[in-house]
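Next, two complexes with subunit A in common: one pairs it with subunit B, the other with subunit C.
Showing the complex of A and B:
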């Protein structure tokens, strides 16, 4: 039954979960929020990263977080190539780019799903590490250690990315290219290269986010479908491209999910992020922290 | 146009006659099982392209409409034992209402926002059905096929013919829209919605109308599926694979002409049927993904676009 303790429990877990949602959404916040790429394959790349981490952990006993770090450079290069491909085939040609861009990324997501199934099968996979499975007890509250780890890494990742975008030359260039590509071109910078770099960063972040994903819960090949809702909900609610907004929106989603879960049961959980997304899109499409254009 | 119309209706009649003849001659049930799925995909792809192709609004909610069709049929059959025709008609009405609601909800959304909203709608509806015990909940529900009516020998043959009728209905609607003021209006709003609005195209009404027609056809196509499978469960009825398959079929065929989705659905639908039987359903999804990416990158206008290009080049060569 409903009680205050239960609610408090849900809120604490929700905040931790929310930070994790922020970590998995950061990349999309850059690629979709700042660069306007309709990147529906973002969660598929996330799950792919999880499986890479699983592979390293299972076969070489690498710590999941370290494995996540190890695959970031590969994901970075991957992102560079993917954006170039996207740019050459869609943005430069112009006509109808929206429709075909979305279809393109959906196709990519499907290909990734099947390749994972063919390689690893449809079973759930999880990693082993000292911090997976244990829990902290504070009074009656039980806080899983894996959530705390995810929380810490997610917070660090958000802060780092925010600093990168606001303090460094390249970071500022990325934000500038999102606002006015032509102005940047006139100032002698190459906007396409900057966007490509930004997409690389957005994909690289997924390496670590993928590690968090498989630390927080076991993964399966079609998990990306649920995360389409979560990541897009966070990014849209945050108001495209706002990093701090991403954190707040993700926490709202995390708390909403755990509260609904506690009150109504797990069978309603998949719909929450999508319902919130629908609500935000219908009522306030510019997001909670977005500017009115 | 006039002569084209006569040819079209002669073709449609021949198609229906052939479908009916098939049910009378072929004793083996398998061709109808496979053929039914391909016909179902033709209806879905044609319906999708009314909104997605003509108006440029990429609807990922095909599975929402299809699944609603399935569950409208399940509900009506379980509660009052309604016959197939009633199930389909009711599904069409529900689909039209859903399309209208979708249109109203997403009026201000464009591009990826619209697409994401339609995925969201799918998952929200799927979750609601999963939590609705009466129609089976998450576990799904068994369906008993009622007795067959003459002239068909078994229920699958009848479903096959019914789906063939829906194909003709869908293609005729799509063709009518394509050739009428509606098609031109939708094309205008696809190219530039603001400009279309300024020149007096009633973009809002057109969008809603496209949503309603497209939704009604998709839902109607889903209604017989519960009887076809003799089973319905939310995960497969609302599977995102329907949305992506249908999108792929339309884009592969070409969205600029009403025949595009038909060509794409026949081609990809047949390939999928063959692959599922001969290799596996995973490889089938892989082929779907690869074909989608390849066509989107290499042949943006689809097969119809390629044919047009070849024709144009030949004409130029002669002249």
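Showing the complex of A and C:
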């Protein structure tokens, strides 16, 4: 079964798929990686964004990517509210905030799932766009446009987030709060507001990532369960809080999965992400691009 | 005398009141089931349940069964096999239901078969495949028209062989239902002397099928047999459209679940063209029986309110048929005795809105009622088109046939 053409094809598709994984993981890289918020509802937020994009595409004919941009401010506000609720209810209260926080976000994920079912039913939903369902032909190779779109958007998001976190005052504050919240407080900043803002950014990113999710494949209300393992795997493997690391880790995961799927048997593919995660944690506990504390 | 008449009248009225009160207070006949309302099987589960509910309302409007109303006790199994044994234990021990209907699909049904057999309960199956083959429960009756285990694959591969197919590629989801289908397809292919050139199981969590379809295409098969669940079916067809499947392929499809559901069909639109897939009920003239039209009139109205599959062809009429069969059995036996009901169901032919059903010893249909149909002339984003005949042309069985196969696959897609 092995051939050079198949291997090349698997690598190309893997890189594109990896970029898609990166796009859906970047928000988590901020919320979990930088802020230490056990945000297990991240994939549920993602699916919610996909349904919002579906709604705009289905009823108003808005292009899915544009719809993703349009819902970004709403998701930013949603993120601000969600973090404030989490903080007031759990984080402020003490040491077991982590465990209770997980329960809180599981609860939110469940509520989102039920609300989607009530509003849209349980059937699969997809969007129409000129780049959905067509492929780019290079020799014998055909590259789906939707994956090329995911590649471009993931690259743009990574660059934007990296620049934001390194060049802007608020971005630097977010990185500072991730390292030493108390020091930031002594310098007169309000770390809770900074974390709330960062959580808003992480959720806003999901607006566009949700658009990619429904561009790449149809969505259904419980799709978040498929992505919870992959997104956390990418973020932990990257090294908590590293945006460029998230992109690289996701590409490694995508390529590994696709090569196994194409050349060695599809049944082994899901084991790849967890095997890689365990391998990375064993050799480099801080992740591929994380710093030692 | 007047007083006596008054007293007599009062007593009579009181007695009548007591008697009618006794009838009214008769407990309902409880039919218990779990049904996927969330998770990957929910699309089918909801439509199936609505079909059963339409039957319940019809039978209650006619006065119920044995003078008692029919009540459904339903729990959401979340499309999970791990949920159903506990749900059915609760149905039997806490809810004390009289009759059991199985959940929709193979995966949630399989783990409850030993429990049902151990408790000596009749179980009306609901679109599972070969769940009774190892358990051998003699009170199992499946409403799905699969019939003999290999009929599903053999009807498809026969078509492929007639189109000149000699090699086959198998692509199946890595779960019980799809693997059962793949197993029978392997056996039938071997029997027909076909060479299997590609045989892969993919995990249900697969997001992107481009890579696996490239590998399949490289094997240059004549026939591609796919056994997939709804989320995967859409991903595979989209991948086929983008990557292509090669000129060698004469027949594509077979066992793709999801291509029978209105929303999935509407989403995929023209990507469906050329695919030959198994099906159950289709709006082709020969598929109408007594009550079919009336059922769909009611179903279509209620489906909109319930946000359920607006077409409901695949499962809903068979849910209704399950109700019809148990109704006929209870009326004939005159009680809820499980063994007597099972004996009646095993020994008689049952008239339903999906045709006459007779069961074989294993509880599956004696004669296969599965159809293989080819999608033709499908446009994008138009669900109403599927209500017309000619959009899914029946190629098998001969008695229901409404057209001939267009092959090869690439030509049929145009």
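Quick notes on this structure:
Following the convention adopted for this analysis, the second predicted complex is superposed on the first by the 271 of 293 C-alpha atoms of A that agree within 3 Å, B and C clash if a C-alpha of one lies under 4 Å from a C-alpha of the other, contacts with A are read in each partner's own complex, and residues count from 1 in each chain.
Rule of thumb we're sticking to: a contact is a pair of C-beta atoms (placed from the backbone, for glycine too) under 8 Å apart; a residue touches a chain by one contact, two chains touch by 3 or more.
Quick caveat, the model's predicted, so the values are computed rather than measured.
By the document's definition of touching, both partners, subunit B and subunit C, reach A:270. When the shared chain is aligned, subunit B comes close enough to touch A:38, but subunit C does not. When the shared chain is aligned, subunit B comes close enough to touch A:100, but subunit C does not. Using the contact criterion defined above for the overlaid structures, shared-chain residue A:261 touches subunit C, although it does not reach subunit B. Contacts of A:113 after superposition on the shared chain: both subunit B and subunit C are touched. Once the two complexes are overlaid on the shared chain, A:228 sits against subunit B while remaining clear of subunit C. By the touch criterion stated above, A:89 is placed in contact with subunit B alone, subunit C being left untouched. The intersection of subunit A residues touching subunit B with those touching subunit C, taken from the two complexes, comprises 113, 117, 267, 270. The residues of subunit C lying in touch with subunit A in their complex are 37-40, 42-43, 46, 79, 174, 200-203, 205-208, 210-212, 214-215, 218-219, 230-231, 234-235, 238-239, 241-244, 258, 261-264, 267, 271, 307-309, 380-381. Remark: subunit A residues 1, 3, 5-6, 9-10, 13-14, 17, 20, 113, 117, 120-126, 128, 133-135, 142, 144-145, 147, 216-218, 220-223, 226, 258-259, 261-263, 265-267, 269-270 touch subunit C in the complex.
In the complex of the two chains, the subunit B residues touching subunit A come out as 52, 56, 58, 60, 105-106, 108-109, 111-113, 115-117, 119-121, 123-124, 126-128, 130-131, 138, 240, 244, 247-248, 251, 282-283, 285-286, 288-290, 292-293, 296-297, 300.
Those residues of subunit A that touch subunit B in the complex are listed here as 32, 38, 40, 89, 93, 95-96, 98-100, 102-104, 106-111, 113-115, 117-118, 225, 228-229, 232, 236, 267-268, 270-271, 274-275, 277-278, 281-282, 285.
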